[in-house]
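As written, the chain order gives the labels A, B, C and D, with residue 1 at the start of each chain.
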Amino acid sequence: MENLIALLVAAPLLGAAVLLCGGRRLDRAGHRLGTLLAAASFVIGAVLFFDMLGRGAEERALHQHLFSWVPVESFRADIAFQLDQLSMTFVLLITGVGTLIHVYSIGYMEHDERRRRFFGYLNLFLAAMLLLVLADNYLLLYFGWEGVGLASYLLIGFWQHKPSAATAAKKAFLVNRVGDMGLSIAIMLMFTTFGTFAFGPVLAAAGETGEGMLTAIGLMLLLAACGKSAQVPLQSWLGDAMEGPTPVSALIHAATMVTAGVYLITRSGAIFNAAPDAQLAVVVVGAVTLLFGAIVGCAKDDIKKALAGSTMSQIGYMILAAGLGPIGYAFAIMHLVTHGFFKAGLFLGAGSVMHGMNDEVDMRKYGGLRKYMPVTFVTFGLGYLAIIGFPGLSGFWSKDKIIEAAFAKGGTEGWILGAVTLLGAGITAYYMTRVMIMTFFGEKRWQPAPDADAVPSAEPAAEDHAGRMPHPHESPKSMTVPMILLAFGSVFAGGLFSLNSAFVHWLEPVTAFEHGHPPIGAAAVTASTVVVLLIGVGIAYAQYGRKPVPVVAPRGSLLTRAARRDLLQDDFNHVVLVRGGEHLTRSLVYMDHTLVDGVVNGTAASVGGLSGRLRKLQNGFARSYAVSMFGGTAVLIAATLLMRGV
Amino acid sequence: MNPVNYLYLASLLFTIGAAGVLIRRNAIVVFMCVELMLNACNLALVAFSRMHGNLDGQIIAFFTMVVAAAEVVVGLAIIVSLFRSRHSASVDDASLMKL
Amino acid sequence: MSASAAVAVHSLWTTAAEPAADRIGAPAIEYAQLAPTLIVVGAAVVGVLLEAFVPRRARYHAQVFLTVVALAAAFAAVVALAAGGHATTKAGIVAMGAIAVDGPALFLQGTILLTSMVAVFTFAERRLDPAHHGHRVDSFAAEAAAVPGSDQEKAAVKAGFTTTEVFPLVLFAVGGMLVFPAANDLLTLFIALEVFSLPLYLLCAVARRKRLMSQEAAVKYFLLGAFSSAFLLFGVALMYGFAGSVSYARIADVVDGSVADITPALAGTMGNDVLLLIGFAMVLMGLLFKVGAVPFHMWTPDVYQGAPTPVTGFMAAATKVAAFGAMLRLLYVVLPGLRWDWRPVMWGVAIVTMLAGAIVAITQTDIKRLLAYSSIAHAGFILAGVIAATPDGVSSVLFYLGAYSFVTVGAFAVVTLVRDAGGEATHLSQWAGLGRRSPLVAAVFAVFLLAFAGIPLTSGFSGKFAVFKAAAEGGAGTLVVIGVLSSAIAAFFYIRVIVLMFFSEPKPEGPTVAVPSPLTMTTIAVGVAVTLALGVAPQYFLDLAGQAGVFVR
Amino acid sequence: MSESSTVFPLLTVTAALPAAGAILTAAVPAARRTAAKWLALLVSLGTLVLAAFVVVRFEPDGARYQLTESHAWIEDFGVRYELGVDGIGVALIALTALLIPFIVLAGWHDADPLETRSRRWRPTQGFFALILMVEAMVILSFAATDVFLFYILFEAMLIPMYFLIGGFGDRAHTGSDENAAAQRSYAAVKFLLYNLVGGLIMLAAVIGLYVVAGNFSLTEIAEARASGSLEMATDTERLLFLGFFFAFAVKAPLWPLHTWLPNAMGEATAPVAVLITAVVDKVGTFAMLRFCLQLFPEASKWATPVIIALALISIVYGALLAVGQRDIKRLVAYASISHFGFIVMGIFAMTSQGQSGATLYMVNHGISTAALMLVAGFLITRRGSRLIADYGGVQKVAPVLAGTFLVGGLATLSLPGLAPFVSEFLVLVGTFARYPVAGIIATTGIVLAALYTLVLYQRTMTGPVKEEVRAMPDLKARELVVVAPLIALLLVLGVYPKPLTEIVDPAVRHTMSDVQQKDPRPEVEAAK
């Protein structure tokens, strides 16, 4: 049975290879092949899942050792897979949502002449992501880690002819690289500390080394997580990543890849559990990002960017939960899964809307769309309810548990975290309601779509219907079906998972679990959550539902303006890193030319000059030659005598 | 009278000759100065020969004269041809090649 | 010393009351051992007679034939002697102690003879210049005595005169050079010096083109040469005064103090060693002048540039060999006891020579001058080997001389090929793009340049490695480092020439490469062959030099 | 090394074939240019086959040096013609033999004479002959176990390289022809002088070594050093070490001796640039590993901190300057400088991971740079400019070219799954184990690498299509044949480098024992 594991990765990898190397002759069938292989991978996953259920909680983990990758003396990295409950959860999420989004893309990318390559990239992503979650050692995980980075780079920059897209892709890769530095240093630390970096031994031996070392490792891992999961301070790339086609945003930048950080931390639980300081750092990062994302989400008028902000903030929840240790891991993952459903659904919805609106992304130019695209409206709506944590829907179950856990942390920390998470919930409710209202309610504010380049994320078709009045319409089946399915997920998943906390027990063998007891009983927490979200909704409704939404964004408060610019984080980067870097390199280039080269050329020149002067002695007059001979002889004699000291 | 004085004389003549080579322009004169130096050598040789009481020095002196004669032949040939083509026997004029 | 030693100093007014010295018997001359020299000198004399009696038309061929045969025979004689063990076991002093026949002498004589032979081929070359009035012409003046540009000269050219006297002159020079490194007393040394110098002075003066420069070169070379030989002679006198004899062996004994022979009178006036040291310094100066070591080098560039190129090649190669040979003998046979006095001095000279030669060469614009300075730099490298003062040092110097002389002859031979209307085009700018015009010639010249630069797989490298190794083992590590640095500097200008030849566009009115006769071709071919052979498989020649590394005393 | 040589002098033959091929190629008459090309290609392929034999005949767990040959050469200098390969040598010989055919194929038209100047002028023949000559010398130098023999080759290979750089410049130059010629010969002279000076200083050290050791046999001296029968005064050893290291550091090239590389790679044609950085420069790093560490273990250890520091500077400095370049080829050159920093660091980290990593790095860097540079060459010949600013949107008109270029770039930034990642990570781990700080600073290199690579890709390949590139054709068959195998190799070695590590590791084990170094034991074990 474990031999199937490799196939999980192999199937999409094959797809990627065929589609990318296949050439034009595959253009017609390419997308079908890609989707098929994604589905195949999902089926295999399902088979393995049921097989796993068939076994007792303890012997569910499977191992598959393919071959030894880099063996150098004591340094042993293998291509080997480990499929336990945690990985399994991810496998299902990735392949499942992945397949749906493949299907969605068939319709969405219909008009793109490079659709084959798009599917190739998607398959590549699936393969890499599966490698990431299936790896049984950190180096192989790193392989997948950078693999997904590459895929995301390729997909964000899929419309390379747009400078904005190319730049966004590059930015994403670079910021991620900074995170990767963390991961590689963490691996080196593990190697020098434990002599290995395979999950099993490392996590087993975690207790045997000093807390300082573990904290260091933990912080490095956190840095990695920040990069991949767009957590403060490495969050800046996610917003720009929305340059990519919407399915990409849904799959990679909402459902799966960006959650890798959570996976990493949960997977390394043993290390963090033994390093409280590192855990604290994790929690802080989570909390900060949670609010950061939420605030940004409130200010954006670009629907995808608003959703991106929300993604950031939701992942903040997960990271925070993961930082709480055994009381949080399970809920972090659970929220991750449910979030996977509804956020993917929301993005697909957004995509569908844009599809109908000439790829207009500015919500201020939407409004009243519910009549024109009912399916989208319903599915989007359900997703909306889920994310704000409307009681009964998925988001409610997972988020509420996280808030509880936050309080359960105990002490002042507990109170602060609890407050933050609550506040977050409120803001979430606010900005999601805002999105909902601006998009589907109120009067229509459509305008002729300007041409591609003006709009930051105009999709390729934009050119041909630039300037025409949009006539909103429902999207084709291939797009709506996935949305519906995801909507189901976002409604019921949470509930299912929480039936006598099935999910927690499912993960327990891997992540361990201890029940957290919030100082104010669970019921109180839940209640306050609901209250807070109602407040949020209320404010939003008051602001956008009651009075018409201005088509041009008002100047807004200082905070609003800052939030529109991602709280000025990019400006900071630009001034400090980009400008500073340019100056540094330019001056270095200059130095290399003048100083390093100059020294050498200078020496050469001085020798030449000396030569020129000595040359003058050769003045052509025989008598002066005689003088030099005479003098020379004199010196010779003198020297000889001096040697003797006569 | 101490024959060592002949050595002093010899060195004196030699120096005068050398000085002449360094100072005088006319190739012929320069050449004569060289001859003077050779003669200084002869004087020294003979003096030494006398001191050591063997004949080697004097033999060498004879050889030197022969050599000097040969040098004169070659030297004058060259200097004369130079003079004929330049109408000047000044050593300093012959400085086409330099640096 | 005779009985008269008792008398401290003879009064000058009384003739030395000598008891009649025992009758002077006929000197015993070992003709066999002297054969090489005798053959060459004899041939030279015959050559002179040829000039007198053979009709002008036939002279050229007669002279060339005679010269080549003589040199070949002499070389055969050298080989025979070496084979006969005169280089090693039977090595000895001949001609009443005047001449030593031993390893170094024979090795150097062999080298000189071979180099001169290939050099003579370039003397005999008559295909480079277009024929004047139907007469093929070589690189020597039609009538050296005629005033340049005069009607007399035109007439001479018209009549097709040529200066075939160069061949006997070369033979005389070679004769002197053969004796020079073998000279075993100071007198022989001096005579040999003059015997090979005087013909060279003349040879410098007889160029066909650029005659003014040629004459100027001759005058400079002559005056300075005479000047230096005067110094040398005075040095001889002083050393004679010191030792009471001019034979190397005797002087060496006195230096070692194995003979207590201090003329009381002299002792009263001055310390003996002062005589010795001053004398040594002046003799050394004479030799350093010949090898062109700084600061006695200044004649080199001018003479090399002005002299007819074949002569330059011959001079540059053979003279160096002979002079260094003589220097080795002087330092290793006469003054080993004085090592601690001369080594430091030579250190200084070597360092200055290496650096000055390399540095000044950088800014040269005339190929012949460039090679002149490079030869100065090389003199410095060889001096480094001389300083080693070990048998290894001797053999390494011998090897270096052999390798260097062939490269030099070859290089100058190539220089004779590159010509324009005014004769040889020696200005570097004219060499631009030569590699495009005639890749082969350029490539050959590049090989020689690389050898000069001491790039591995050329004889230059083997030689340089040998001398530096010897120097290092002789404890002159610093010298090696400086040598390495200066050869780095030197590399620059060799490379500059290569760049010029291959990487710069040829000038439209640039020079043409004359197609030479087999004669010059042989010279160049031999040069290349030896250069590469000694670079890739030097072992055999190293062995030769190694066996030849011991002086007889 | 014993007098008994292998039955069949495989190494000599492997080196002799290209040498002979070079002479033949040079002899091909001017008119038959294409024949010369094919001849050169066949010879290089033949050499590849022979190299494959070397790899097969080599037993990783056998004696340290195998396929040994030993013949008398120059007794007076204590020089023998001694050959023998250890794992490192084998790997690098294989790399050389592997790359040359691609270089030949990539340079197929680079040396076609613009106009037939003279009947005797045969640039094409010369070009390929020189390449083969270089190959022969490089292979021999990887196999030489006699210091003198190695030195001779180390120096001699400068000459053909010099003519390759100065004689056959990149035709896509900026400014007038004269100007370009001037820059070219400047680059060539700079290359030669830098390396010559290095070599000459090494010569002094070589002579010194002879004075100390009395012969040049690497094996004998190493044994004598190990057994203690050959004592070296500390200062002597250090001086000699510095003499050797200087030469290798110039060749490698290590900061601040690097400035010749950008000029050389910028002015030379892309294939020659590959020859320089991927093949010839490896001799320098190889020699550090082979000679510096074996002959002067103590001095090596003494110098390590400084060298590590220099290596670090090279890594960061090279990367930063690469970011600042406007010229594609110069950018790749500075990237290489950064990579050579990694190699040197790995060698002197004195851990098995570091040294195996460094060796792998040599191979992988060879392949990746070849891929990137050759594609860049194709790009440049199409547009006739080396300036990044002159490109844009190429991927739209020439997707395959862009794709291969991207893969090459990703290899350069050592993306996992591509060969360079393995080696780079090994070097980092190896260094980190002994010098944590250095290891951490070095990791910044991976970010900078991403920066210059992606910026290059973005500026040239993406964005709106520039007018000048609109008509640009995609890769031709010949070019695909050049690039595809390299990329395949990058992928294979990235996922399955085991065969390589198996060959290299024993050799590294020997080197480690030469310098009497053990890998630091992990904390946890150490605790137990």
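Keep in mind that, in the parts below, a contact is a pair of C-beta atoms (placed from the backbone, for glycine too) under 8 Å apart; a residue touches a chain by one contact, two chains touch by 3 or more.
Everything quoted here is computed from the prediction, not taken from an experiment.
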item: Third chains touching both subunit C and subunit A; value: B, D
item: Chain pair showing more contacts of the two, B-C and C-D; value: B-C
item: Most central chain, judged by mean C-alpha position against the global CA mean; value: D
item: Where subunit B and subunit C are represented by their mean Cα positions, the distance between them in whole Å; value: 23
item: Centre-of-Cα separation between subunit D and subunit C, whole angstrom; value: 46
item: Centroid spacing, where centroids are CA-atom means, of subunit A and subunit D in whole angstrom; value: 37
item: Between subunit A and subunit B, centroid-to-centroid distance (C-alpha), Å; value: 97
item: Sequence positions of subunit B contacting 2 or more other chains; value: 18, 21, 30, 91, 94-98
item: Touching two or more other chains - residues of subunit D; value: none
item: Residue list for subunit C, restricted to those that touch at least two other chains; value: 219-220, 223, 227, 231, 301-302, 492
item: Contacting chain pairs - touch in the sense defined above; value: A-B, A-C, A-D, B-C, C-D
item: Footprint of subunit A on subunit D - complex, ascending; value: 194, 255-256, 258-259, 317, 320-321, 323-325, 352-353, 356-357, 393, 395-396, 403, 410, 415-417, 422, 425-426, 428-429, 432-433, 436, 439-440, 443-444, 446-447, 450-451, 454-455, 458, 461-465, 495-498, 501, 505, 509, 519-525, 527
item: Touching residues on subunit D, where the partner in the complex is subunit C; value: 72-77, 117-118, 120-122, 151-153, 155-156, 158-159, 162-163, 166-167, 178, 181, 184-185, 188-189, 192-193, 196-197, 200-201, 203-204, 207-208, 210-211
item: Contacting residues of subunit A [partner subunit C, same complex]; value: 604, 607-608, 610-612, 614-615, 617-618, 620, 622, 624-626, 628-629, 631-633, 635-637, 639-641, 643-644, 646
item: Subunit A partner contacts - residues on subunit B that touch it in the complex; value: 18, 21-23, 25, 30, 91-92, 94-99
item: Complex interface listing, subunit C residues touching subunit B; value: 1-2, 4-5, 7, 9-10, 12, 16, 144-145, 147-148, 186-187, 190-191, 194, 198, 201-202, 205, 211-213, 215-220, 222-223, 226-227, 230-231, 233-234, 236-238, 240-241, 244-246, 263, 265-266, 269-270, 301-302, 305-306, 369
